[in-house]
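Okay, so chain A shows up in both of these, paired with chain B first and chain C after.
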Partner chain A sequence: MSEQTPPGLATAGSIPPDPDDPVRMQRTGPTATASHGPSPSGAWRRLVAGGAGRNLGLVVALLLICAVGVATAGERFASVDNLMTILRLAAIYGVLAIGMTFVITGGGIDLSVGSVLGLSTVWASTLATQTMARETHWAVIVFTALAVGVVAGLVNGVLIAYGKVVAFIATLAMLVAARGLAEVIANRRTQIVDVPAFLDVFRADVLGVSVLVWIFVVVAVAAWVVFNRTTFGRRTLAVGGNPEAARLAGIDVRRHTMWLYALSGLTAGIAGVMMLARTTAGSSTNGQLYELEAIAIVVIGGTLLAGGRGTIVGTVIGAVIFATLANVFTQNNLSISAQSVAKGAIIVVAVLLQQRFAARHRST
Partner chain B sequence: MGHFDRSHSHNASHTWQLLLDARQNLSSFARMVADAHHEPLLHMRGIVKHFPGAKALDGVDLEILPGEVHCLLGQNGAGKSTLIKVLAGAHRPDAGTILWKGEPLRTTSPVAALRAGVATMYQELDVVPGLTVAENVFLGHELATAGVTRRRELHRRTQAILARLGHGDISPTREVGQLSAAGQQIVSMARALSHDARLIVMDEPSAVLDSEEVANLFRVVRQLTADGVAVVYISHRLEEIRQVGDRITVLKDGRTVGANLLVGDTPTADLIRLMTGRTVEGSFPERAAVDRDAEELLAVEGLGLRGVFDDVSFTVRAGEVVGLAGLVGAGRSEILETVYGARRATAGRVTVAGRRLRPGSVGAAVRAGIGLAPEERKSQGLLLGEPVYRNITLSSFGRFASAGFLDERAERAAAREQITALDLRPDDPDRDARTLSGGNQQKAMLARWLVHGCRVLLLDEPTRGVDVGARAEIYGLIRDLAARGAAIVVVSSEIDEVLGLADRVLVISEGRVVHAGPSDRIDEHGVLDLVMEGSVA
Partner chain C sequence: MSAHLRRRWMLTTGALAASAVLLAGCTSNTPEPQDEEDGGDTAQGATSNNDETGETVTIGFSAPAADHGWMGAITRAALDEAAKYDDVELVVAEATNDVNLQISQVETFINDGVDAIVLLPFDGAALTEVATEAMEAGIAVVNVDREFASPFAARTTVLGDNYGMGVSAGTYICEQVGDNPDAVVAEIAGIDSLPLTQDRSQGFADALADCGLDVDNRVAADFTVQGGQSAAANLLQAAPQIDALWNHDDDQGVGVLAAIDEAGRDEFLMVGGAGSANVMRAIQADDSVLKATVIYPSTQAADGIRLARLIVQGKALSDLVEVEVPRTVQLYAPVVTKENVEEYLPTAFES
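Presenting the complex of A and B:
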């Protein structure tokens, strides 16, 4: 008699010893059918459950922080000037975090980005570099900073991919070594940038928006395209998602891993140029602990720390969230220490939410 | 007897009480019988164990007497490993009874089994390389007072056990990682003895030993049995079983098909007959004769990987399926992986359609048109969190890109074409690969190489984790691909699968090719004989 009835109903009478079971069936029932086929509601569900949904959550979080900012600081917070301050702050962290997004999605980690940033500002502002820049072109400074970043990244990449050094250790060594090298070069002095052409270009506003913010925008758009629309991005997902499967499919996992760290070095170099422009000084203390900020931004953005899944949009929003949070605290004259506690709490909440999401994603 | 009145009641707890009483009566009966004869140390009856989608044990009986060496025989997948895990408390049986010295044994956990006196030496050495010999022997039951280890006592007791095993030369303070495989095995055995075990299960203990070490192992086994300890001995080598065994139980497809056979009275032919017998019937497609003039797509000459296999040579023509048969660990998967370049060969060469491959380069193999469907699809083959179409184009997405920019529409179209051709279900290219069944995951692997345009396919255990219905489909696909001109190499632990599918068979035993010939000139008995004895009986 029960053969014709749907399983969810039939079991209600026939399996009394386990009262949990029918409940579970009812709960899994609708989701199971919804994920079948490309029905409009299924597509919508997939969109919400996928990247768009998570980013929506981030936007909501950002709006909440803004609401707190408006409530506590009013006009001081909700002004165009302050918005620009927030974006300028977000820009440097954001560029670093974008490089980090690639590395983490590819199954790695780069602890050296803050130090490499510092080293690139020092190397690009030495007397020799500045003299050469004044005599030839301001681009010399930019080129130097980027070259320092890429070379440091390549050293990381070669050690990790071909030397089989664990990424955590290799980049930790680079963190220490790059900072030390920066101190040696700068002799622990702050090197003031005195190349007017360089400062004119990078401290300018275009359409009322700082060039630093424009650099962030360009890097973010380029990264989004590379991440989502190119073979490089696809390889990154494959290498981070299942390196053995990628290798057996014929992908050169080691070479790709090396390029990922080179890319992270490049973004550290770009962030170095931005730092030079913002502070007009090269210093071995530039970028201290920025690696942790960058990793936190990436994780909050929704990139899986284990690799294989990442989001550039999430990282960008994450960077803005962190900068806004810092701004709200500063506007209310709260200490850096209180900021740190709040950031720590946000990281934990973000990771907990991510795990919940991942578990739900796997079960459907 | 008053129980009968209550049995009419539908109250579940009463029924349970009845069952428990019955079991107690039964066990006292068993004790009576046992006292009269030779009391079995262990008696397993009607053991059933299901796994999702498969019945690993389907009514196994096993009777072990004190002080005997009881050999457990059966092909891969017959249920030996599951049975010993049930015995060791790692799996809980779904049905059946286990009597230990006449009492019901509840092996709810490995610790409980050890406490009762059942110790297990698993096939994979389960020692911790970074700890000392003594620490390994007493792992899990450390000798300690208030958390502080009693080192001197520990070393003294370890020394005593090692001496009993004839290996007083191994220092208890030595780090286990520095010992040879044989030495580590001794440590594993010492651990079993440290629990004062009455029954020691040895799963293929001789696999890592040379002949002298095997002789020592047998000496230890005899000494143990003289002390009344029973040994369950699992090995594929019949000569060992004849040397050291007392009785044999044969498993096949999760059932006991031969129980308590005396080693001296049972000819090899009888054992092999019990272990074999076609189980997958009529599901293999017809084979067309291979064209003798067909192009030789894959040629492997004198291929070797030091310490794993030597001097492997074979060729595969277009349209031909070659099967590699042998036990797990015989080197079959390693041969495939070396041909593919995933391991760097230490000798020999691989040629594809006349062009020699660079050794140790998967990229070169893939470019030359070789595809591998690895044994562990989930960990070695697929990106589980990525959509099906990206899994299918994983080896060829570069072709759907211009200047690095991917054309995902073309990618999806190519994937969809293969999804339709291979009848992969559900036919949604955007679904996560994780959600596919085993058979459809295998189809996705095949689709990957078809999109890439491979002409040489290496399939490692193509039907592992694939249910019976989908198996026939996979077999059909493999033969169909061959008929369309592919050269295919299949590795399988299931001998009938290799024989049913392949045109020619290579039998691999301990890293050597011991037989090569057409699959219709050898039967399952012959292959099994080769695998276990190294020659045709």
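Presenting the complex of A and C:
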């Protein structure tokens, strides 16, 4: 794939090299390293300026929340069982947010992920799907959920890329329509999953860790590789940073945009499978307001809402932060309403901190 | 910083702090304490030794977000009930309407090793597996209001009578307008996806069928004032003449009444649902279309707390001969009218 990258991309003029961005560092690799020199302090500074530095604020926030958890709940918080509880909670939001990271980095927004999640749980748990799954293989359920997600994502993508509908509007329409379709299919009832093979696979533990958490890990690693080590990832950054420059550099911006939404639909489908396994039921009420949860996670993770800069690691930490916060509040008998206030404050503080970190690294 | 600037800065900060304090004070919605009926409740059980302090019981409690008058009353009543017992330690996890989060809260209770869990699930089917896990871990689960999909998921279930609510409302409407075979009956339901709504509508239709009536116009709202308002506005547009209207929920009823007011309609009688205090006061005053409401007790979770305590302490219901707490407790859904409203007003919830 990489040989297809047009030479113009590396120096796509209007995107200034950003020292905070490891991907762009790579793109401008040879010159950048040459000017810095291979001194050890330079390497350290690059590390700090790169992923570790950018995520430092997040890690500090996570540690702070954990410290509060340990201080207030002690061993109840700092136990392996509780860690697993937190990770299981984070897994579904996290997978959604990873797809969202691609879309937002590519300069878009996907408001439909929560509804698409709900639709995929409903479609994958209809009587017909379940009967077929029992007669053939549990993979039918998984395939159905993923297909629903991808198709919904493609519809979004085609409307936005080729139909020239603003992303906000196109995905808002999908948010409403997918929820409505889910209600029509489910007849607004809860559909209980009764396919033992499916539940056995997805509700199991592997090496003491829930399969749902493993799915989160696999999706995160795969997304990191695609985002940071493939042409697709680099094109995403280019398209989000400056679509016109990306087009001039030879990228088919429209086709790429379409695939970004398909990818987000795919992660919504994966999250749908996880939701089915976790709740053993498909319902049109699944995933309500998850789009906002996902966007909040992406933003505190350090992805630029305007596009052109993104981080998978930050998104993963962001998902864990929110799940930990919810856990600490539960442990301490505090209300969800207070938690929402705290969450809002954390979003603002995280963004402010990141701006300061970014500014400091730019000035050094 | 010059002295002038500093003074101005301090002034601004002071003003900000003052307005913050003022704002914070204004957020309070707590009504004046009313504890006339609180004392009576404890006295009722005094016929047995069940209320004597026993071993301490840790109870985890989780319910959907209190974004609704009835749901708020559920949580409030549960907290009040737990506070009456020295031997009950209540751990509250107020859930959102997000089953993913509620599951993780129950998991936290299991990790903490509570003695019992009183659980009002947002979606009974979705919480079944985690409740079963709790039962397997030796925790007594008391299921409230929305039933699990499996009998293994709970030790005891406290249910309102949703079907019975529909029957009560339908029977009352039959009594009032049943002699007119062409009477137009309308229904404003709650959230259609919930089994409880389906049960209420089924009971309503069955009771109406008994006197040869049926539901001519039906819309579903979402248990919110705003949803009730828009659903009722549409319904009133669609049905120019109505004889009787049943609204499933008194909270959304506030919106329904607003829409009725707006449309200037008063040719029909309206029956409420759940039994909120303001609806009962309106029935008492008898100056609106509201003539009756059917009760859906908002004290179910409080009952759940009591039962959980008895189960863990190995006690039974003293008024029954049984040695154990029953498997299912279903509450009654009486019709409240002008004649008997005084009897029910004290236990009504403020929406």
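Definition applied: the second predicted complex is superposed on the first by the 310 of 364 C-alpha atoms of A that agree within 3 Å, B and C clash if a C-alpha of one lies under 4 Å from a C-alpha of the other, contacts with A are read in each partner's own complex, and residues count from 1 in each chain.
Here is the rule we use: a residue touches a chain if its C-beta (ideal position, glycine included) is under 8 Å from a C-beta of that chain, and two chains touch if they have at least 3 such contacts.
Quick caveat, the model's predicted, so the values are computed rather than measured.
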Exercise. After the match on chain A, would you call chain B and chain C a fit or a clash?
Worked result: fit
Problem set entry | Contacts of A:284 with chain B and chain C, given as first, second, both or neither | second
Exercise. Does the superposition put A:192 against chain B (first), chain C (second), both, or neither?
Worked result: second
For this session: Counting touched residues of chain A, say whether chain B or chain C comes out ahead.
Result: C
Exercise. Who does A:81 touch here: chain B (first), chain C (second), both, or neither?
Worked result: second
For this session: May I ask you to decide whether A:309 touches chain B, chain C, both, or neither, giving the answer as first, second, both or neither?
Result: first
Exercise. Is A:208 contacted by the first partner chain B, the second partner chain C, both or neither?
Worked result: neither
Exercise. Which of the two partners, first being chain B and second being chain C, lies in contact with A:330: first, second, both, or neither?
Worked result: second
For this session: Considering only C-alpha atoms, give the closest distance between chain B and chain C in the superposition, rounded to the nearest Å.
Result: 24
Problem set entry | Shared chain A surface residues [contacts with chain B and with chain C] | none
Seminar exercise, completed: Seen from chain A, its contact residues with chain B in the complex are 17, 36-38, 229-232, 234, 237-238, 241-242, 244-252, 308-309, 362
For this session: Would you tell me which residues of chain A are touching chain C in their complex?
Result: 76, 79, 81-82, 85-86, 88-89, 92-93, 183, 186, 188-190, 192, 203, 275, 278-281, 283-286, 288-289, 323, 326-327, 330-331, 333, 335-337
For this session: Name, in rising order, each residue of chain C that touches chain A in their complex.
Result: 65, 91-101, 103-105, 107-108, 110-112, 122-129, 149, 191-193, 195, 198
Seminar exercise, completed: chain B residues touching chain A in their complex are 12, 340, 342, 362-363, 365-367, 372, 374, 379-386, 390, 394-395, 397-398, 401, 404-406, 426, 428, 430, 434, 448
